[in-house]
Structures are given as structure tokens and as C-alpha cells.
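We call the chains A, B and C, going by the order they appear; numbering starts again at 1 in every chain.
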Amino acid sequence: MQIKGFNIKYIYNENSIDRSTALNGVSFTFNQGDFICIVGKTGSGKSTLVQTLNALLLPSEGYVNIDEFFITGNKKLKKELLKKKDKKQKKDNKNYSNLRKKVGLVFQFPEYQLFSNSVINDVMFGPLNFGFSKEEAKTMAIKALSDVGLNENYYEKSPFLLSGGEKRRVAIAGILASNPEVIVLDEPTAGLDNKGKVEIMKVLTTLNNLGKTLIVITHDMSVVQNYAKTVIVMSEGKIVHKTIPDKLFDEVDLEEYSLEVPLFIKFKKLLKNNGFEGNLEKISSYQDLIDEIIRIKGSKLNG
Amino acid sequence: MNKPIIEFKNINFSYDQEDELILKNVCFSINEGQYVCLIGHNGSGKSTIAKLLCGLLNYQDGEILINGIKLNDENLEALRKDIGIVFQNPDNQFIGSTVEDDIAFGLENRCIEREKMISLVHDFSKRVGMENFLSKQPEELSGGQKQRVAIAGILALDLKIIIFDEATSMLDPQGVEEIRKLVFDMRKKDPKLTFISITHDMEEAYLADKVICLKDGEVFLNDTPENVFKHEEELKSIGLGLPFIVKIKNDLLKHGIKIDENIKNIEDLAGFLCK
Amino acid sequence: MDSVFGKYRNLNTPIHKMDARLKIFALIILMVACFLPYARSSIINSEGIPEYFGYYANTFLVLGILALIIFIIMIISKTSFKSFLKSLNAIWLMIIFLLIFMVFIPRTTSTETLHPIVTFSNGYAIYWDGVLQCLHVVLRIILMLALTLILTSTTAPMDITYALDWYMKPLSLLKIPTQIFTMIISLALRFIPTLLEKSQRIMKAQKSRGVDFNKGFISAKVKSITTLIVPLLVSCFSISDDLSVAMYVRGYEPYGKRTNYKVLTFKLSDLLAFIILLVILGFFIFLCVMAQHYHINFWEFFGIKGTW
């Protein structure tokens, strides 16, 4: 299944003085099984964009299309889009609860959504809401918890007594449990230490390998570099670049969009400015850079 | 400047007598004007040290000396007036309803006269670059701006010791950069200011005068950044990486490319490699 | 929350510049004016017949004058009418409730002398008296709401707190720690937007897990509200933990002495406004006394004779 966006606009507080445009004409196609990282500085519209994907926010103009769902807040447009569709499809588009089963959204600091007295109940909550029976929900919850690496010792624990990283994994499991085809995460690694970060990203990679589409907002370039298949740069409510991580640092001037520049890129630039004799053009990772330095310097030493 | 301002002597600490010790026989000293980074895995006791220092927790076993005076219940009020902390969550430590109210909060508590307060609020909001936001409310500010306000509120109190308890971990890269510049500027303006930073950021730790690494409540390494980061394997075992410059030097050394000891930043390294 | 009380808008109008203490005083004065009785003491006229219009006309007329005054203040203070209408949204339920109760229940006991508009087969009836009574109560509530909205949209929450602090000062003579009370209010005001934002976020997160906050019967609603309240409480506790620590390390002592950064100043223009307010209050008290004691309606001052 594909996710398509057509010229999406979103304006906050449309009729008041605090009116602000968050999305200003965004179009995109996300393919099934892709691992997309969205980067952009605070206020570039990335959080707004992902919230339109499961209809938490409805675009003021344009629409998002996922299978039979058309997500838009523009009534005229919606009527037109659904004109020739059958009854079921019209019903599905009325409230988007079936869509939310398909597209799971994990907010930043998802630990704030935990409410139940035990981990297992909390994770079962989503499937139960989506109409699964108690037994089904339990099976799904157990699977989701094992996906995020939490075993049966955790099931009956109170989620509030877990560590920060564990809480986050429970919250992610809460979304995974409904077995969505698309998983959207807003800053899943924020506030975690290196170890926690690696653990979460491992879980996401496994899910992606199982064929799930992943859309991850992040400002951590090491996440982009190590895990993404596609990277999208947003700025001022628009998608300004869509590329693969290997080319990102070459093609895009990250500083222009106030993004974090990885140190090896900074170092590469310094080498270039200092007139380094090696070929720096094709370097897209730390290892490439080391290899190139060794190639130049090592050969000199040997020679 | 070599006068120790903070000394921890054989501190053992647990919340409850039966509980496992959170700090085990912790000893270290920090000199006046030093920039010290506390690193360690989650739950290694870094934040506990900060809490002990400003009297949020009481210790039973060992000695904490501040400026050579032993910290105890009687002099706690006096001694903690020299210590300020900036916490992790920018929202939860914003006390006033506007920027100026928040900067003034600590001053009000110290019963500073109003005229002086106004000029202090003015000066220190300028120091952190927030002078044009004085009447803004916290919802109108970014995370980095809120942390800058918190820093201004603490600087205005004219303290001797400032502690950052993961003050940048919830900020976006832009916010982190803002705070980093501010700290640099702050230390330059006031070289006697002792600055302790609890951090996960190894790049920051590399810039410190001294790095104290904790592991399971014990002081594991306590040395200059260069020496601390020589222990690559040990650091890796507790989930800590190396700063970029150390990493690249190590990797090049493995292939027989020896880098001058004195090279401490990537600018110099680039220059060296291009020679 | 936001839509009921309105949000402070940082503008620069004469009303914004007014001393907050005076604004609270004005609020009280105008609210009193809203609630003074302006009708004659009895609905039955000298001939023993109930006379609705003669009885209510004065009330509506005086409330009309008050509404005009409030309207003018709204214009001067640039209070947004949109947010005013929005805040009315919040009281619809109350209005309907009032309607049901008051329309069916006339105020006087001698129902036979009152003319019903409609009589139902089961003996219940809708009376003019009830309708008019209800309307004027609703009007009073709307006026009060407008007044509160003007105060909150023109006065920074902190200024309101300082003003309340000032009003409570006499209590500190009785050794009541008013400064703690003020601190509590100001912190509550400070964190309302933060908690609002958090609750919106949690609601969205739960929506993603299939919760529909608008649908379902009471049991389903209770369950969905729980998924909002519990996380909200948890974050409240974490905020209060962090906040108390932050306040402690910045030297806050609940019973200690503090100086104040912000000081309210009473200006000459405030004195003028104060006098105008007293005149307004006097005027409405006068109207009230005239109607209640001397049975003189407002328009009779202008030589317009008779009742309706």
C-alpha cells in the first residue's frame, strides 16, 4: 500500500490572529516497506504532516490517500473524491477509526499515554478499541511486547514503575499491538541515552524487515544515516528535499535548514578547505572517510 | 585557582537503609573555576550527586565540603545559596508567568530591592540573548529559549557553582548549540565560576577540564578528558561512546597513522592531515 | 478552560493599562449592577391584574443600558467578540437547564392570575412570567461572562494574582499566610496552558489507539476519560516534583520574606476611572431603589407616562 499526499496545506487557528501556516503545499508518495526519516528544524511542519497521516489533523486543502481512505478537511474536495465510491468506503471515511488501525502513530515521549495498572492491559487497550476480542487482543499484545523485547516478567508490572526506556517500549508496543501496516514515530529516541537509542532503533529495523512501512521524525543524524532508506527534509511547511541517506550530506546543505551536521561531514569540509589531496566527493559515512585518509596517508607511510 | 570548592569524601548513599547503595564510597574534588563533566549510564548516580550538593538529599555517611566547610543541616541554607541547578525539562522549571518574572523569581526570594532587581533582570536577560522577550510567556518560547531563561535566573543570583543536570537533553540541535555557546561565554566572563555538567554528550565531555565517570554508584574514572577517553573498552561496556576526535585518532592509529598528542580539535587534525 | 475564561491578549488599550486592582473592583461593581433588582416589587398592579411588560420592561431596559456600557468597554479593550461567542458555547447547557426549570415554574403562587402561553393536557403550562424571568437571568449571566472575559483578556494572569494578593493583605494581619495562596494561584495560572497542551497531546495519542472521545455511552465515555485523566495526573505529579525542586534550589521558602519584582501602580487615570465607576454604581443603585421603593420605572424620569 502506498501513502500519497496531494498538495496538502494545514493552517493552525485559521480564523484567528494567531493564524499560522504549518504545511504549505506538500505532496509525496511513500512506498510500502520504506523506512523514511523526516528531518527539519522545530516548526518546519514535520509533526503536523505525520498527524495528517492518521487523520488526527485534517488538511485544510489537498488530501492524503491511503488505500480506500481520503483524508481531508475540505468538505467540497472530500465529496468530490468520494463521489464514485461505494457505501463502505464512504462510511470508512466518515470517522477514521479503521484508518488508525492501519496507520499507527507514536507521539514524542509516548510514555505520557500510559494509563493502565499493568503493562499487558495497557498494550491490549488499542486492539480492544479496534474491535478485537479479549483473547485476540492478548495474543497481539504479547507479540507486540516480544517485538519490543519485553518478556512475560513485565506483563503484570505497573508501567509507571518502569525505567524511561522501558516505558517508551511499552508505549510503542501499545501501537504495534493493533498490527498497523504503517508505523509513524515522532522523535522515538528523544531523551534516551545511547543504549536506549540503539535498542529502540533495533526494534524499528526488525519491524521494517517484516515489511512494515516506517516513518520516523528525528533530528538525530546518526539515526538517519544508520537506519533510513529514504530521507525527507522539511522547511517552512514544505518538503525541500527527498533523497537517500548516503546522498543527503552531499546534496543538502544541512546548515541552511538549521539541522545538525554530523561531525564527519564537518571534518570532511575542513579537510577539503585545507586542500586534502584525496578524493572526498563520494564519502558518505565515517568509515568511508577513514578509509580515504588511510588510503592517502597509509600509502605515503608505506612508500 | 587551585583551591578545591567541592569535595566529596567517602560518600555512601541510599534512599533507605535496607536499599542498595546508590553511591558507594564516592570521592572526588572539584577546583574553583573548573568545568567538570559527570558522565555515566542511566542510574549510575550522577543526578544523586547533584541533589546531594544542593541539599535536596541528606547524606549520612561521609563528608561533603563546600569551600572547605562541611555541609550539614545547620549551614545548608547558607551554603546552598552558592549553588544553582538547571534541570532537564525546560517547561517544568519555568516558574514565573513571563520571562522577566522567571528571571526575577530567585531574586525575589533573596529579598533584593526592586530597583536592583529590574536592572539585574535587564542585564542577565541580555547576557542570554532574551532581552527582547521579557514579557513573553513560556508557551511562546522554544525549549532552548526556556533553558536560556533558566540560566539567566541562576546567573543573576551571582553563584559560585552552577550545575547542569542534562540541561540540553530535551532540546533540538539548535537549542543545544545555543546553550553550548552560552556556557562558553559564561565561563569566559566569569573564570571563577565552577561549572558542573551532567551529560550524555561525549563531545561536550571532551571540552571539559575534568571528566568524572560513574559506574553503578562508584567513581570509575576521574581524570582529564584525554585520559578518561583512553579507556575505550571500559566506557563501551557501560554504553558510552568516544568523542569524534578521539575516535578518529584511535582509528587512524590502528592503521599506523600516528597523530600528534597536542591535537585536540578537528580543525587542527584536518590541518595536520593535510600537511 | 481556555474558551470559557478567555486568554490574555497582550495589547495596549486604556483598559489593558488600568490597574489590575481597579479592574477587579470594577468587575465586582458591574456584577453587582448586573444583579440588582430593577423590577417593581410586585408583578400585580394596583388593579390586581398581573402586568408582565410593565414589570419586566424596566429590568430589560436597565440591563440594556448595562449591556451597552459593557459593549463599549469591549470595544475599547479590543476584546475579541469571537472568543466571547465561543465562551457562550460553554454555557448553552446551563441556559437550557434554566429554560426547562423556569419556563414551567412561574414565580408567583397564584397561577390562576397569570396567563399561560400554552397549556398542556397534563396540566403543565408555559407562562409569560417564566419566559421573561428566564430571559433576564440568562441576560445577566451573559453580561457577567462578558465582564469576566474582559478582565481575563485585558489583564495578565500574574497581575490578577498580584491584585488578589493586595486585596487579601488584611488577612495577613490575622496571620493567614496570604503569600502562599498567591503563589498557588500564580503557579496554577502558569501551568494551565502547559496542562492544556499536554491533555490535547494525550487525547491525540489515545485517539491513535482507537479511542473515540465523542462516541459511546456513559461507561465507554468514563473509560475514555480515564485514559486521559490518568496520564494527565501522572504528568501533573512529575511537573510538581520538578517544580518544587526548581523552586527550592532557587531559594523559595513558603513562609519566608520575599520582595516583589512587579508592583502595581495606581495612576491618575485609574483614579478617574475609579470615580466614573462609583458614579455608575450610584446610578444603578438609584434605579434599583426607585423601582423597588417608589415604583418608578426608568422611562418615567423622561416624562414618558404610563405602563405598557
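Operating definition for what follows: a residue touches a chain if its C-beta (ideal position, glycine included) is under 8 Å from a C-beta of that chain, and two chains touch if they have at least 3 such contacts.
Model, not experiment: these values are computed from the prediction.
If you tally contacting C-beta pairs, which pair wins, B-C or A-C?
B-C
Taking each chain's centre as the mean of its Cα atoms, which chain lies farthest from subunit B?
C
Where the CA atoms of subunit A average out and where those of subunit B average out, how many Å apart are those spots?
Going by mean C-alpha positions, subunit A sits 32 Å from subunit B.
For subunit B and subunit C, let me know how many angstrom lie between their CA-based centres, rounded off.
48
Between subunit A and subunit C, what is the separation of their C-alpha centroids in Å?
Each chain's C-alpha centroid was found; their separation is 45 Å.
Residue numbers in subunit A touching 2 or more other chains?
None at all.
Along subunit C, where are the residues that touch subunit A in the complex?
Residues 80, 82, 198, 201-202, 204-212, 215, 226-227, 230-231, 234-235.
With touch defined as at the start, can you tell me which subunit B residues reach subunit A in the complex?
For subunit B paired with subunit A, touching residues are 41-43, 88, 142-143, 169-170, 172-174, 200, 203, 239-241, 244, 248, 251-252, 255-257, 266-267, 269-271, 273-274.
Within their complex, state which residues of subunit C touch subunit B.
10, 156-158, 186-187, 189-190, 193-194, 197, 238-239, 242-243, 245-253, 256-263
Contact residues on subunit A for subunit C in the complex?
Answer in residue numbers: 15-17, 51, 54, 56, 95, 97, 100-101, 104-107, 110, 112-116, 125-126, 128-130, 160, 174-175, 178.
Using the touch definition up top, name the residues of subunit A that touch subunit B in the complex.
That would be residues 41-42, 163-165, 190-191, 193-196, 219, 258-260, 263-264, 266-267, 270-271, 273-277, 290, 293-294, 297-298, 301 of subunit A.
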